[in-house]
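After this come two complexes, each holding subunit A, first together with subunit B and then together with subunit C.
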Partner chain A sequence: MNISLFAAIPEIFVTGMLVIMLLIDAFIDEKKKAVNTIWAILTLIGGFVLQLYVFIPGKVQLAFNDMFILDAMACGMKLFTYLTGIIVVLYVKRYVDDKQLLKGEFYAIFLFAILGMLVMISANNMLILYVGLELLSLALYGLVAIDRDNVRSTEAAMKFFILGALSSGLLLYGISFIYGATNGHLQLESVYAEIGALMKGHVNNASLVFGVVFVVAGLMFKLGLVPFHMWVPDVYEGSTLAVTTVIGTVTELAAVVFVIRFLVGGLALLGPQWSIMLSVLAFLSLIIGNIVAIAQTNIKRMLGYSAISHMGFIAFGLMTTSVEGLSAVIFYVVTYVLTALAGFGVLLMLSRDKYECEKIDDLKGLNKSHPIYAGILLLVMFSLAGIPPLVGFYAKLKILEALVATGYIRSAIFAVVMSLIGAFFYLRIVKVMYFDEQDSEIIVADNCILGRSALVLNGLALLVLGVVPQQLMVACLRFITG
Partner chain B sequence: MLQTVFFYVFSVILVISALQVILAKNPIHSVLFLILAFVTSSCLWIMLNVEFLALTLILVYVGAVMVLFLFVVMMLDIDIETMRKGFWKNLPLALCLGLVVLAEMVMVLVTKPVVVYQITQTDNSISNSNQLGWMLYTKYSYPVELASVILLLGLVVAVALTLRPSSKNAKYQNIAKQVAVSKTGRIEMVKMQAEKVEVIVDEKVGKDKEVSV
Partner chain C sequence: MIGMNHFLILSAILFAISIMGIFLNRKNIIVVLMAIELMLLAVNFNFITFSSFLHNIDGQIFVFFTLTVAAAESAIGLAILILLFRNMRGVNVQDMTQLKE
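Up next, the complex of A and B:
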């Protein structure tokens, strides 16, 4: 029995800081609530540093009876999670103050969500994957509903909650079938070994495939692929911008690792079965995500549909099940999160008390009054559309390369055509910002130098990573190969 | 033999009550059928020798969760007609999906050989709950701890969504004040004249009569 907890020190640290934060929040004066923000940032920085400290390159560390795994992928993705978490806090800080959301609770629930992601990223057991997912989901339901007096938020939270509970049910049902068919195994490597033994013995694996169908349905709901995408636009639009930022950025990292662990870690031998399902879902997501996004007038909703189409791309990458494909998926999700983060960052800077910058028309003539923000949003839109030399282009290119290398040439052509259609609504935002006349004054409310400089750096990162993507690509490849 | 008979009796009741949960017109009936489903499945568990889980199912789900559920359903004024409005419109799609899932399940059941594993009988000298406790707090300590974090999160979210510090109705506890309370502050002795018994009886009879008329 392995009882070493060394590898889990960062998670234990985050949990401890979280509990202390709840205590501080309970006793602190209403005017001094800014302490919570600083505490949240300190927690994330501490987690980041400890993560670097506990990781031993080239060695897979296990803890908690092998249910917790710290390999290269876990370490890398957790570092990214901490990093994006810090950036998210810097961006939403002023917005949360302005909207008078409950500051203490907001950051506490946010840290709970981060903890859920960390658990998911380094889970080595189906039970832990599920528990981590529930931790994350429950925190997200709470965050969506935190603007209690807003009818749209409450409605979005309700939809999210009911559909999320349903998909968790599907996932659990699928896991129970896999548990039964593999003679009672939940540990991912034993599930893998047991399925291998079953395949050799030529036993009927109908119940396994049946379980996989439900598992894939549950997983794809979390990624937001068509036809399990119904919640995405509503939740993106209904929740406050700060919460949309959390859901649309950090969460995706953990969700993709979650799917990789499940499908590639545990069920790799059933690849032929689940990659067909993924390909169908990816086709549908690319069509619906890109085409319906054209009709949107709300930026948040549009970004929701854009997220669906990007997840379609990621599903294509997962479908290849090759090392190149998976490292392309990791590269894609990391760069997508960075890009979306900058986009939401600009919207957050432009929103203020009682005013949400969420209509596309709200951006009219942004270039005249605030050329820097317009420039960052331009980079974001070009990167999302996949225009070189921005990083989004390389991400798409990598996925397409992997698709062609594994023989899915028609899928690659289809993906290119669809992202061409998608370029329309990204470029429309650029057109609105640069060529339309301003009809209402745009005020940038944020006066925090940290948030602003983080945003500028984030925007520059899109360009720099686009010009020299090599380092990040190599790192992503190393996450998969170990 | 007797075991098989019991198994089928409980299973039939379980399946019928589970169907009734979704088919019953009255939501209260649905909840009651769900309770019946829990009880029968706990009977099935007892037949599998997992007494502790079976009793927990009854204590926690029937005793606590479902009673709460019953209260919520009774409190909410659910208009069943509006809830059933979309039924015929959505039926074709729902039926298609349901049939697909059903076909999948049938395919799993009919393809042979079905994978069957024999459960290895463990040492009977240690009681069921004892074994479960050992497993939970040694092998499965990580998920148990994570579950406790989830409960803490549930608590925080529930407070965040319901407590409004700005409103005047929020009630706070002042423990120092509670401890320092004295008898005179709480109890007031009042002298009251004894009332005449006959009058009350008469009134009551009169009222009762009125009601019954």
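Up next, the complex of A and C:
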């Protein structure tokens, strides 16, 4: 029995800081609530540093009786989660102040969501996967509803809640069948071993496949793949921009690692069964995501559909199940999160008190008045569309390479055609910013210098990573090979 | 003799009822919340069945976690429901049309 908790020190630290934050928030008066922001950033930085301290390269550490794993992938993705978390806090700080959202609650729930992601990333047991997922989802339901008097937010929260609960139900039902079919195993590696033994014995594994179908449906709900995508556009549009930023960026990281751990870790031997499902879902997501996005006038909703199409790309990468494919998936999600983060960052900077920058027309002539914000948004749109030399191009290229290498040539061609269609609505934003006359002057509130410099660095990172992607690619490969 | 399959079929029926409760329900959101609870209970039933027939305790431990999460989930669901009622003066599923293309 391994009762060491060493590998989980960063998570324990984050939990402790969270509890203290809740206590402070209960006793502090309204004017001093800015402490919460600083506390949240301190928590994330502390977690980052502790994570670096705890990790021993080349060694897989286990904790909580082997239910908790810290390997290269977990460490790398957690570091990236902390980093994106810090950037998100810097971006949303002024927005949350202006909108007078509940400051203490916002950051506390945000940290709970981060904690859920960290647990998901490190889970080595189906029970822990589920608990981490619920910790994340429950926090997100609360976050979406945080703008209490806004009808659209509450409606989005309700839809998100119902579909989220439904997807966890499907996932759990699948897990219960896998648990039964593997003679009572929940630990991912013993599930893998047991499935291997079952397959060798040619046992009828109908109940196992039945479980896998439900698990895949539940997981794809979380990723937002068509036909399980109904919640994505509504939640992106309905929640306030700060919350859309959280849902559209950090969460994707944990969701993808979750899928890799579950499908590629535990259920690898059933690859033929689930990769065929994934390929169908990826096809549909690329079609719906790219084509419906063209018709949108709301940027948040458009980015929601764009997220669906990017998840389609990721599903194509997962489908290959090769080492190259999976490292391409990690590279894709990391760079996608970075890109989306910069995009939401610009929108957050342009919003103020009652006004929310969310219509595409709001960006008319942005280049005239705010060339830096327009420039960053230009980089974001080019990167999302996959135009070289930006990082989004290499992300797509890697996935396509992996698809061709594993013989899915038709899928690769289809993906290229679909991302060409997708380029239309990304480039339309660029056109609106650079070539349309502005209707009214765009007033920008004073954003704090930290947030602005983080945004500029984030925008430059898209360009720099696009010119020299080698380091990140090698790191992503190492996450998969261990 | 009642075997494992009977229990599994019962839980599958419960699960199907709850899915239908979510998708076919055109009136009240409270019914949807009840359907979600029913779904988690169907899953619990499944876990307990496997746990009992396989003589493995893990499934029952999983049930404790699911129950706890289900309680937290319904608390949050009801909180959102109250917000919705305050903002929309009703909890009718068909009134939820603010977000559309």
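Throughout what follows, the second predicted complex is superposed on the first by the 481 of 482 C-alpha atoms of A that agree within 3 Å, B and C clash if a C-alpha of one lies under 4 Å from a C-alpha of the other, contacts with A are read in each partner's own complex, and residues count from 1 in each chain.
Methods note: contacts are C-beta pairs under 8 Å (C-beta built on N, C-alpha and C of every residue); 3 or more make two chains touch, one makes a residue touch a chain.
Because the structure is a prediction, the values reported are computed rather than measured.
Peer 1: Of the partners subunit B and subunit C, which touch A:Leu22 in the superposed model: first, second, both, neither?
Peer 2: first
Peer 1: After the superposition on A, what does A:Gly142 contact: first (subunit B), second (subunit C), both or neither?
Peer 2: both
Peer 1: Thinking of the overlay built on chain A, is A:Leu115 touched by subunit B (first), by subunit C (second), by both, or by neither?
Peer 2: Only subunit B is touched by A:Leu115; subunit C is not.
Peer 1: Who does A:Ile360 touch here: subunit B (first), subunit C (second), both, or neither?
Peer 2: Touch partners of A:Ile360: none, neither subunit B nor subunit C.
Peer 1: On the A-aligned overlay, A:Glu105 touches which partner chain: subunit B = first, subunit C = second, or both, or neither?
Peer 2: In the superposition, A:Glu105 contacts subunit B only.
Peer 1: Is A:Glu30 contacted by the first partner subunit B, the second partner subunit C, both or neither?
Peer 2: So A:Glu30 only meets subunit B here.
Peer 1: Just to be sure I read the superposition right, which of the two partners does A:Ala156 touch: subunit B = first, subunit C = second, or both, or neither?
Peer 2: So A:Ala156 only meets subunit C here.
Peer 1: Is A:Leu198 in contact with subunit B, with subunit C, with both, or with neither (first, second, both, neither)?
Peer 2: The answer is first: A:Leu198 touches subunit B but not subunit C.
Peer 1: Between subunit B (first) and subunit C (second), which, if any, makes contact with A:Leu44: first, second, both or neither?
Peer 2: In the superposition, A:Leu44 contacts neither subunit B nor subunit C.
Peer 1: Of the residues on subunit A, which ones does subunit B touch that subunit C also touches?
Peer 2: Correct list for subunit A: 127, 131, 134, 138, 141-142, 145, 148, 180, 183-184.
Peer 1: Spell out the part of subunit A that touches subunit B in their complex, as residue ranges.
Peer 2: 1, 15, 19, 22, 30, 64-65, 67-68, 102, 105, 108-109, 112, 115, 119, 127-128, 131-132, 134-135, 138-139, 141-142, 145-146, 148, 180-181, 183-184, 198, 203-207, 210, 213
Peer 1: Note which residues of subunit A are touching subunit C in the complex, please.
Peer 2: 127, 130-131, 134, 138, 141-142, 145, 148-152, 154-159, 161-162, 165-166, 168-169, 172-173, 175-177, 179-180, 183-186, 233-234, 237-238, 292, 295-296, 301
Peer 1: For a test of understanding, state which residues of subunit B touch subunit A in their complex under the given definition.
Peer 2: Touching subunit A from subunit B are residues 104-105, 107-108, 111-115, 117, 138-143, 146-147, 149-150, 152-154, 156-157, 159-161, 165.
Peer 1: Touching subunit A in the complex: which residues of subunit C?
Peer 2: Against subunit A, the touching part of subunit C is residues 15, 18-19, 22, 29, 32, 36, 39-40, 42-43, 46-47, 49-51, 54-56, 58-59, 61-62, 65-66, 69, 72-73, 76-77, 79-81, 83-84, 87-88, 96, 98-99, 101.
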